[in-house]
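Got a structure for you, questions after.
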Amino acid sequence: MVGGGRDAFIGAVHRHAIALDGQCELVAGALSSQAAKARISGRDLFLADDRNHGDWQSLLADELKRPAHERIDFVVIVTPNHVHFAVAQAFVEAGFHVVCDKPLVHTRAEADALVAAVKARGTVFGVTYNYSGYPMVRQARAMVRAGEIGEVRKVIVEYSQGWLATALEAGGNKQAGWRTDPAKSGAAGAIGDIGSHAENLIATVTGLEIERLCADLGALVPGRALDDDANLLLRFSNGARGVLVASQINTGLENDLRLRVAGTLGTLDWRQERPSELVHLPGDGPKRTLTRGAPWLHPSAQRASRLPAGHPEGFIEAFANVYAGVVADIRARLIGEPADPLAADYPRVEDGARGVRFIERTVASAASEAKWTAW
Amino acid sequence: MVGGGRDAFIGAVHRHAIALDGQCELVAGALSSQAAKARISGRDLFLADDRNHGDWQSLLADELKRPAHERIDFVVIVTPNHVHFAVAQAFVEAGFHVVCDKPLVHTRAEADALVAAVKARGTVFGVTYNYSGYPMVRQARAMVRAGEIGEVRKVIVEYSQGWLATALEAGGNKQAGWRTDPAKSGAAGAIGDIGSHAENLIATVTGLEIERLCADLGALVPGRALDDDANLLLRFSNGARGVLVASQINTGLENDLRLRVAGTLGTLDWRQERPSELVHLPGDGPKRTLTRGAPWLHPSAQRASRLPAGHPEGFIEAFANVYAGVVADIRARLIGEPADPLAADYPRVEDGARGVRFIERTVASAASEAKWTAW
Amino acid sequence: MVGGGRDAFIGAVHRHAIALDGQCELVAGALSSQAAKARISGRDLFLADDRNHGDWQSLLADELKRPAHERIDFVVIVTPNHVHFAVAQAFVEAGFHVVCDKPLVHTRAEADALVAAVKARGTVFGVTYNYSGYPMVRQARAMVRAGEIGEVRKVIVEYSQGWLATALEAGGNKQAGWRTDPAKSGAAGAIGDIGSHAENLIATVTGLEIERLCADLGALVPGRALDDDANLLLRFSNGARGVLVASQINTGLENDLRLRVAGTLGTLDWRQERPSELVHLPGDGPKRTLTRGAPWLHPSAQRASRLPAGHPEGFIEAFANVYAGVVADIRARLIGEPADPLAADYPRVEDGARGVRFIERTVASAASEAKWTAW
Amino acid sequence: MVGGGRDAFIGAVHRHAIALDGQCELVAGALSSQAAKARISGRDLFLADDRNHGDWQSLLADELKRPAHERIDFVVIVTPNHVHFAVAQAFVEAGFHVVCDKPLVHTRAEADALVAAVKARGTVFGVTYNYSGYPMVRQARAMVRAGEIGEVRKVIVEYSQGWLATALEAGGNKQAGWRTDPAKSGAAGAIGDIGSHAENLIATVTGLEIERLCADLGALVPGRALDDDANLLLRFSNGARGVLVASQINTGLENDLRLRVAGTLGTLDWRQERPSELVHLPGDGPKRTLTRGAPWLHPSAQRASRLPAGHPEGFIEAFANVYAGVVADIRARLIGEPADPLAADYPRVEDGARGVRFIERTVASAASEAKWTAW
């Protein structure tokens, strides 16, 4: 693991997700960009001293020195965004499988380079768009792809949070700090941090391609350099229309990601804060609420579930499903067989690259006086 | 009453609303543009033969012939939209108080003329933006105006229906027919029919002024001439951002009007399909759900309620609250006293005119390649 | 109308319900047991002086003096419970149709006498178990009766309020006063006031007969003479089990009446505070939420609805549906034709009598040390 | 671990819960009562061969042979209920810390013996009443204990499932089989399997003592020997009343455990299927919905949470919180310091024993013709 030391948020989530199924073990790390902090963080997690590194370069070098059967099976990159590219590129070039947090990198050039590298090396590369791991998101995807709601005509995705409604970064909050700092987050604030999840959710569930978009990005909290509120109109290549909202200044809201997809035959509605429910509104009968764990779900949703219906699963389980997909893909390669697509179900480097493009196009649109910016 | 005969929808709603409180009685009408249908509809409603007219001109002429104490106290206009202007103008000019359905008229010129006429004659003119009559909408208005959520920074209003997801108009459905016919609905479809409610809800609750807007209007059902799906980005004069969605092609949805207003101190959330609940998310404590009928509500919300908490009120009661406001204003004039603002609480001709401007600007924006269209 | 003057609660609800459809008009009354208050209340409601009486005996006598075509079509009894019997009996004996509030009377002897009188005179007698008028209650009834949830095995009905959680009666609250006074409410407090609705809801929806019951009645607010909290176990004649809760001391609750009926093939769930939704959980597919106004509802539910789906209806509409049933039955008799059962759909004197028996058996059980008290 | 091999349900849940925090590791087991199945199940879980036993006696003997620092820190007992006592007693007597599933044992005599043994040996003994581990259950407990809802007057707990609505046991379903077999489940069916959770939830949150109870147990699915539907009236020693429902025949329901506690100052409402929300209805203000992860929660609730608000946690996390409490208590003993009560927060052997008494008294009441059975 690179990044994820003391004070980090998402690193611990990755570790819970990795541990949950008892299939992987954290054995080596460079857990902070500050060597001393990296090492003390590693000791917190019972890393052996010789695999507890002060920087990622040492970790990589050390792994390469070890015989193949002692090496890590894959590396997890959970640093702030600006560090992703260098680490990911180096590990891919060295032939390691990678799991990287989102947004993947800062620029399309970096994204393209990474896609090319992964293709060239033939490695596994997962991007933790964790919301795609929820069973009911997979059920929605299966229903849309099978035509159960007909042709998609309208998509609304809203990702509203409230935690950046005040200038937390001014008070030294680390999570707020790097997310609102262009040097670390790139040209995008909320649109990168959570808008990228929204874009991925649309792509995952509908498979639609954005043809053009119109963005209004605002930095509504005084003094903030990056957007904390993003609102977009979307046009898809099949003629469908869309609205995408990503905002972190909605006082009192928690993590309110919602998706609504309306087709000619029905509408689907999903809300991350009640992840086990997928509402299906068919045109010819009453509203149906599909729930996780039911025997009538699509196999891709059923296998993403660990507990019987009514025994709530949550965020960590969805995260762990992304890891389970990556692990299934690595295992298939280890034994030289094609991966079962139901098992090796996870967002890939191309999804990450598309997300980078989405951010870039959004930032371009926000700076433009033209209504539409082409994809 | 002008309009509202057999096969009409909204006329019956007006009559329920008028009857509910036992304060008004329907005594005269021209209930259809077809004379025979008008008369048979009037007989359904126990109108006396001499006040049951075949056209609105006869109704007006007959009323003017009667002595003042026998005349109607006010006229209700519930025709399709394209008829509103002529009828409203004539009755106002003749000195009658008017209640007119929304959208008020088709053009800004008509709207300005009507505002001028009402001003000149000093009559009461209510516009049935009925959603403004819900007690919890009034509570939201009171809270925003009192600064309880701080400065407003973000507004999302979504009005999604599903009933026009198929080409009902092709099958002879009267309600679908006139709403999708430019000759009767004007240049706007969904944005006029329900988008106008959405605009009014923002204005009612927040008092914010739209400074510019960016609209994407679509006719997503093949063969339809007017928009059935509208998505807008809004900028308000105080710097707040907004998103407005009005769409009638969301298969399976009923009448899903929602409002979210996020301020620096808190967020309010209201949903028409559960009208008795107003969710308040303060920044410094847990979510509060205010409910209709509670003693701690603002007086304007309390007086808009007829039953104790937990005894559901609905659409007709909200509608009746608009009438109650009009009636209070007329009564005040009859007795020559200033109206109690808490009592004479209803949308006025100026609100209707602002709604017309909103529709006009939206249609202009939709036709423009520029991102922003000024208000 | 007898009762329902100033300070009364339910009388005004009846009047809204009567007015809503424009089919009935209040023309005569004895609106209070105090003559002066009765008359001033009548003037509030625009009653003519000669039909605005100081006591119900005068009202009855006056009506009998009038020619048949000038008489009231039916009388509405909305007094406190202890007055119901004398008034109802007198009007029935005089041949008038009656609508009476619940609980019908205080004793089984009174109830039996009233049933006999109605049978003998052949009059219409409605009891305002208003919750039976909700469209989705009628839908539940239709589904259970049609076997859509199989054989019923379990029924839970819970009616929890909070308004009597403090000794409001000690502070002079009139509504609390008569409900907690054995002289006016009889032997039952909460079990009579709201438990009777709960019993009726079970009977309406399931048609099951209670075979025996076990009751625990408590007066939990210090100083109260009648039960404010009632909990019952039920056994039905088909072997089904039940739980009935009626309680007015749940601080902060409003009017939380819920019904759950579980059968061999499915379960139904309904909640009065969200009356437009009926949840159906079939054993072989996902949860379905049926909503008022949908075309796939049973005709008895469809005709109980005035507005399209998504336009909330509430308590007054349900109340008005009971009146609509009574009016349909009276009309059928006036024209000498059999009533359409779908139209003449309302709780009758026998339902009221069964409710009286339920209260009596519950009070007997509460006083008994035996587990079961036979019906 | 004893029990929890292939085909078991709850053993896997325990393992997820143990793994989640990376603080414990499964190192030894006797995972089935059939030796071959035990061993193959152990291999599935990467147990070393010399710690993968065919029966629990071998596991115990082997552990005792090892030097202290190599021994397991505690044993987890997840067998069917009838095996709990022998295993638990043996491990406690041998000085091991124990985590045992519920219901603890079959008889009060066994429960008393176990309590005595734990007391005598001074070991840690946790019982996995896992619902007590939910953060919002702990918040409810803290609020009730602090008097925030005043004196408790009414408690309703309902635990309704649907999975035994048909005779699954007849079709060879293992989970249904042992739960409906008196030889394995004891005298209690649903009341033992899930009623025990309901009892524990009341005790955990309110601390009230049941003084007497009245039970109606039914085996509603034809051919079933044990209750699948249980309904109880409760009287608590402080005068409060209660209703407890535990039923497994509600077709279509999942795992619907709900608790409502009404006090003189407010009411609390919690539902397991939405575990992150605790509704608080104060008498003097609007409904409040407390959510997991908020900074204003009680420390006992805050520390039971791993993720920020809005990032759903579920069943496994609650389960893991019980383990975290056990581990904290074991750690405190290892270092010889008193345990932090906020950390060592878990249900103990005495809670398990009280649950056994509850089941015994319920079964006695069900067989009695007297209304009340003393505790």
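Per-chain residue numbering starts at 1, and chain names A, B, C and D are given in the order in which the chains are listed.
The definition used in the following text is that contacts are C-beta pairs under 8 Å (C-beta built on N, C-alpha and C of every residue); 3 or more make two chains touch, one makes a residue touch a chain.
Bear in mind that the values here come from a model prediction, so they are computed numbers and not experimental data.
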Set of chains whose contacts include both chain B and chain A
C, D
Look at the interfaces A-C and B-C and say which one is made up of more C-beta pairs in contact.
B-C
So which chain is the furthest away from chain A, centre to centre on CA atoms?
C
What whole-Å value do you get for the distance between chain A and chain C if each is reduced to the mean of its CA atoms?
55
So the centre of each chain is just the mean of its C-alpha atoms; given that, what is the distance between chain B and chain C in Å?
35
Which residues does chain C have that touch at least 2 chains other than itself?
253, 287, 291
Name, in rising order, each residue of chain B that touches chain C in their complex.
9, 12-13, 15-16, 19-22, 26, 45-46, 161, 163, 253-256, 272-275, 291, 293, 306-317
Interface with chain D, chain C side, in the complex: residues 149-150, 153-154, 156, 158, 160, 162, 165-166, 214, 216, 218, 220, 229, 231, 233, 235, 239-243, 245, 247, 249-253, 260, 262-267, 281-283, 287, 368-372
Complex contacts: residues of chain B adjacent to chain D
280, 285-291, 294, 296
